[in-house]
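Each structure below is given as structure tokens.
Look at the two complexes coming up: chain A is in both, with chain B in one and chain C in the other.
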Partner chain A sequence: MSPKAGTRQGWGFVAPALLWTAAFFVAPFALMVWLSLSRLEGRTVVPGPGLDNYIRFFTEPSLLRGLVVSLEITAVVTVVSVALAYPLAAIIAFRVPRRWQRVVLVLAILPFWTSYVVRSYAWLLVLGQGGAVNAALMGLGITEAPLQLSATRFATVTGFVHFFVMLLTLTIYANLVQLSPNYARAAADLGAGRVATFVHVILPLTLPGVVTGAFLTFVLCMGDYITPQILGGNRELTLPQLIMMQLGRRGDFPMASAMAVILMAVVSLAYLACARWLRVERI
Partner chain B sequence: MTPFSRALMASTALATLALAAPAWAQSLNALVWCDHADPELVRPFEEAHGVRVNLREYEGTAAGLAILDQSRPGDWDVLVIDAVDVGRAVDLGLLAPLPADALPTGDFFPELVMEDLNTRDGQVFAVTEKFGYNTLSFNRAAVDADAMGDMNSLFSGDFTGRIAIYDYYLPVLGMLALNEGIATADLDAAALERLRAPLMALRAESRLVGEVVASQTALATGEVDIVVGGGEWLTAVLAEENPDLDWTIPEQGALLWAQSIAVLADSANPDLALEFVRYIVSPEGQARLATSSCYWGMPANAAAAAHLSDEERAILRWDQQPEFLARAQRYPVPDADLDAAMQDLWIDMLQQ
Partner chain C sequence: MTRAWHLLGWVYLALAFGFILLPVGVLVLFSFQDGRLPVPPFRGPSLRWYADVLADRRLMAGLGNSLLVASVSATVALGLGFLAAVGLARHRLPGAALLRLVLIAPMTVSYLIIALGLLSLYNRAGVGLSLWTAGVGHVVINLPLCFAILYAAMGPHLRAAERAARDLGAGEAAVLWHVTAPMLAPALLAAWFLAFTFSWDEFIIAFLLTRFDVTLPVEIWSLLRSGISPRANAIGSLVFLVSVVVVMVVQLVALRRTRR
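Presenting the complex of A and B:
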């Protein structure tokens, strides 16, 4: 095959993917950016370009607070989920016999089989005044009266963590099972204790899996609307909730687009940070 | 090809054709609120006319208008809309004129004919189908019903952390306006500023701000004992499970909500759409709509009483309607700027 024919064939192979990306990502994204530079006057969209929506977002405290709330919740969810998922994945990978690992993993992802919305409403009942958690706390004599657990940030974080621990467990487990036991043996031969082996050998080698899972958690959590809407009790609004408000109530597509672009910029920055500092490209 | 193969192919082709053929000769596309999605409401119309009614639910006029804006002409035949927003839809040229003599408005509660909203220059564009109140829903077992007779009791400190606010700015701001002695029709930018402090105070007393299901769940599970902005639409569907869930209109008054139904100007099936509207406002249709599984509400057509049981009428407080209607005011009808200011205030409250 001549080089030219090879090039043509190569373009032929990548063309569908390129067209797909152009049609369903690049074009809609460009449209969204353009719309974000327009503005709503009364009930009419006035074409841009202008930065009115971005200026309004960063100067109006109640809107900017949506971004801060989203970042705070996402940070807590990511840290807590990693802290819970890592030991769980390690137990499955190192302690559970090989033949049972698949069964345990299926049990771990079982909650994914129910609807996301139904699961959120279920948490609303579990964390409610008469729910299982309050009943247990009072039954054990830890509290005398029911605590307000639902309609709080705690409830939102709990709903998220329940979901993302499973996701992180899978990504970290996939990394751990590929790890040769020889690394730990070599470290032990060189005099490293269990803690030192974990900190200096196991953890760095499994970091790509942790970072991948943490990044997915960050992206999905930042953009999620359902969980804070159902469990948060509207006591504070996240950025996706504010975007939905602009769309559903105001019909303000330019402002919603500007907020979506900001959300995307934050996620891109998170990706760049991961790639730069943790060499995520090795994954 | 063997006879068996031919027979097999022929029967397969016939079966495919039978499956591919539309089950209904004609279909109607309606942009509605969730109460219309009850099969008990739509099925009798479908069976009577041999048609299929495709329903799409939406919430909030802005969302409905956005859907219409993004659709092709003729995609939609029927629209359910807030009665106070019928004028907006007429201004946009979205609604078709309706023949007044085809509608049973003579049987309606007089206050619900709403000619000023449904009619433009003597031409009818929509007809009221259902109404109710945004007021105070509460748990009688946990809250003194007398206290709910005065809206100021919400700020007394007796119910701190036991209140849910219905997450819709128009009725709640309207209720606070009534409590401040401002008629909803007089609510302007200056009056709105007077509502900031009471709104923030109410927020401080509340446990959550929730949409319909969240508010209902909170009241039903005992998470809260009062829902500000609630009403029969919130508690009626829960009454069977917990008869203590009740609603009342405080001395300051309540907000009257009303929904209208209309035929879209570019409907592909205008005659069928009109028939659907006539069915919905007929006594039978009204009774079914009033007790829809999504939410209950009073039928605009008083003749529906004959098709409701004593118990259903009791839950709807049928006999008290003249008194309630006299004490209720309509939703505020803000222009675009005031509407934006109201929503900004609402977001400030949520982010407090």
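Presenting the complex of A and C:
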């Protein structure tokens, strides 16, 4: 086969997937950006280009607040999830006997495979007024009346942390088992204690995996609608909840599009911030 | 000191497992509740809520719709991803790095944004919402996944085998069908099942892009509006069971590959 014919054949193979992505991902995205520059007057979309929606977003406290709430929740969730998942991944990788590791890992991420809706609902059962946690607390005589645990930010964060601890345990574990034990051995030979070995050798070597997982956590957490909607109550709304509200109440596609673009921009900024350590092909 | 350290590790492992498995445990346990509320104290076990759910025509229609959308969209995503992976692994295309980036891109975007974009597109084009409009969205999110898995699985040994088959006179279609696909069988299966679970569990795209016929997660969502009930536990447990079975199949397939 001549090189030219080969290239043509190669394009033939790639074309269907490329066309699909162009038609149903790139084009909708372009349309969304264009819509975000238009305006809704009454029920009709007035074509722009103008920055009205963006100006309104950053000047209306109730809208801007959604971005702040989302960022706060996401920051807490990312930090707590990494802090909980790292020791778990390390224990599975270094303490659990090799032939059991696969089984333990599959069990550790089993609830990962429940759907988003069902997982959040399950937390509602656990944290609700008559739920398992309150029943246990009152049964043990720790509290007299049920605590308000659901319909709070605490509940949203718990639901998120639950999901992302599983995700991060998986990515950090994959990183840890790739490390040769020779690194730790060399550090010990050179006189490093357990803590020094961890801080100066193991942690830096696994940082790319941690950052990749943390970035994934950030992206998925910022964009999620279900968990705060089911667990968070209505006292404060996240950015995705506000986007859904624009769609539902007024059918304000331009405003919803502008907020989606802002969400994308925040995620892109996070990507740039940790691009140094990120290897997207590993995701 | 070392013993205390060891013990602490096992305690942490146990606590972490408790945290991770608690909600699913509560969900499944109270699906067997013999009462109107899925909260302690536990009474039962009873299968009445499962009978109730299995007799519910709307939930069962949602289940059927979900199976249909998940299998069709996984198959389309696998087909497109397979061809693209073959094209990029076999041929040196100008701008190959950029092509890979474009194909992977949807993976880094929130489902909500993908759904919103498609909804705007459908509105503009005057396309009515149905199961298929949601299925298109599920192919968009699963195509990068299938492509990435298959592309990573295509090593030099595959190209050598393909060349040998071609030298022996096999046509292009025969090479793909008799050499490439069988050699990639574990990766193909794993990709299909993963895509299936992602579509099966997906909510926001299905919620925004369907109207009269909806998928099971959307049906469960409307069930939740009327508050907590053992019915939701029962259907949630069933959905979970399907996903776990699918994941176990993937695990077995992957395990066989590593043993070989």
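Things to note:
Note that the second predicted complex is superposed on the first by the 250 of 283 C-alpha atoms of A that agree within 3 Å, B and C clash if a C-alpha of one lies under 4 Å from a C-alpha of the other, contacts with A are read in each partner's own complex, and residues count from 1 in each chain.
Here is the rule we go by: a residue touches a chain if its C-beta (ideal position, glycine included) is under 8 Å from a C-beta of that chain, and two chains touch if they have at least 3 such contacts.
Here the structure is a predicted model, which is why all the values come from computation and not from measurement.
By the touch criterion defined above, A:G128 reaches both chain B and chain C. After overlaying the two complexes on the shared chain, residue contacts for A:F29 are found with chain C alone; chain B is out of touch.
In the superposed model, A:L51 makes contact with neither chain B nor chain C.
Once chain A of one complex is fitted onto chain A of the other, the partner contacts of A:L88 are limited to chain C, with no touch recorded for chain B. By the touch criterion stated above, A:V118 is placed in contact with chain C alone, chain B being left untouched.
Residue contacts after overlaying the shared chain place A:T21 against chain C, while chain B stays out of touching range.
Touch criterion met: A:N234 reaches chain B, while chain C stays clear of it. Touch criterion met: A:Q9 reaches chain C, while chain B stays clear of it.
Taking chain B and chain C in turn and counting the residues of chain A each one touches, the greater count comes from C. When both complexes are overlaid on chain A, the residue A:L110 reaches chain C alone and has no touch with chain B. Of the residues of chain A, those at positions 121, 124-125, 128, 130-131, 230, 247, 253 touch chain B in one of the two structures and chain C in the other. Those residues of chain A lying in contact with chain B across their complex are 42-43, 60-63, 65-66, 121, 124-125, 128-131, 148, 150-151, 229-230, 233-237, 242, 245, 247-251, 253. Of all residues in chain A, those touching chain C in their complex are 6-7, 9-14, 16-18, 20-21, 24-29, 31-32, 35, 84, 87-88, 91-92, 95-96, 102, 106-111, 113-119, 121-126, 128, 130-132, 135, 162, 165-166, 219-220, 222-226, 230, 240, 243-244, 247, 253, 256-257, 260, 263-264, 267, 271, 280-281, 283. The residues of chain B lying in touch with chain A in their complex are 59-60, 62-63, 65-66, 161, 167, 169, 207-211, 213-214, 217-218, 221-223, 336-337, 339-340, 343-344, 347-348, 350-351. Touching chain A in their complex are the following residues of chain C: 6, 9-10, 12-13, 16-17, 19-24, 26-27, 30, 37-41, 79-81, 83-84, 86-88, 90-94, 99, 102-114, 116-121, 123-124, 136-137, 139-140, 143, 147-148, 172, 197, 200-204, 208, 217, 220-221, 224, 228, 232-233, 236, 239-240, 243-244, 246-247, 251, 255.
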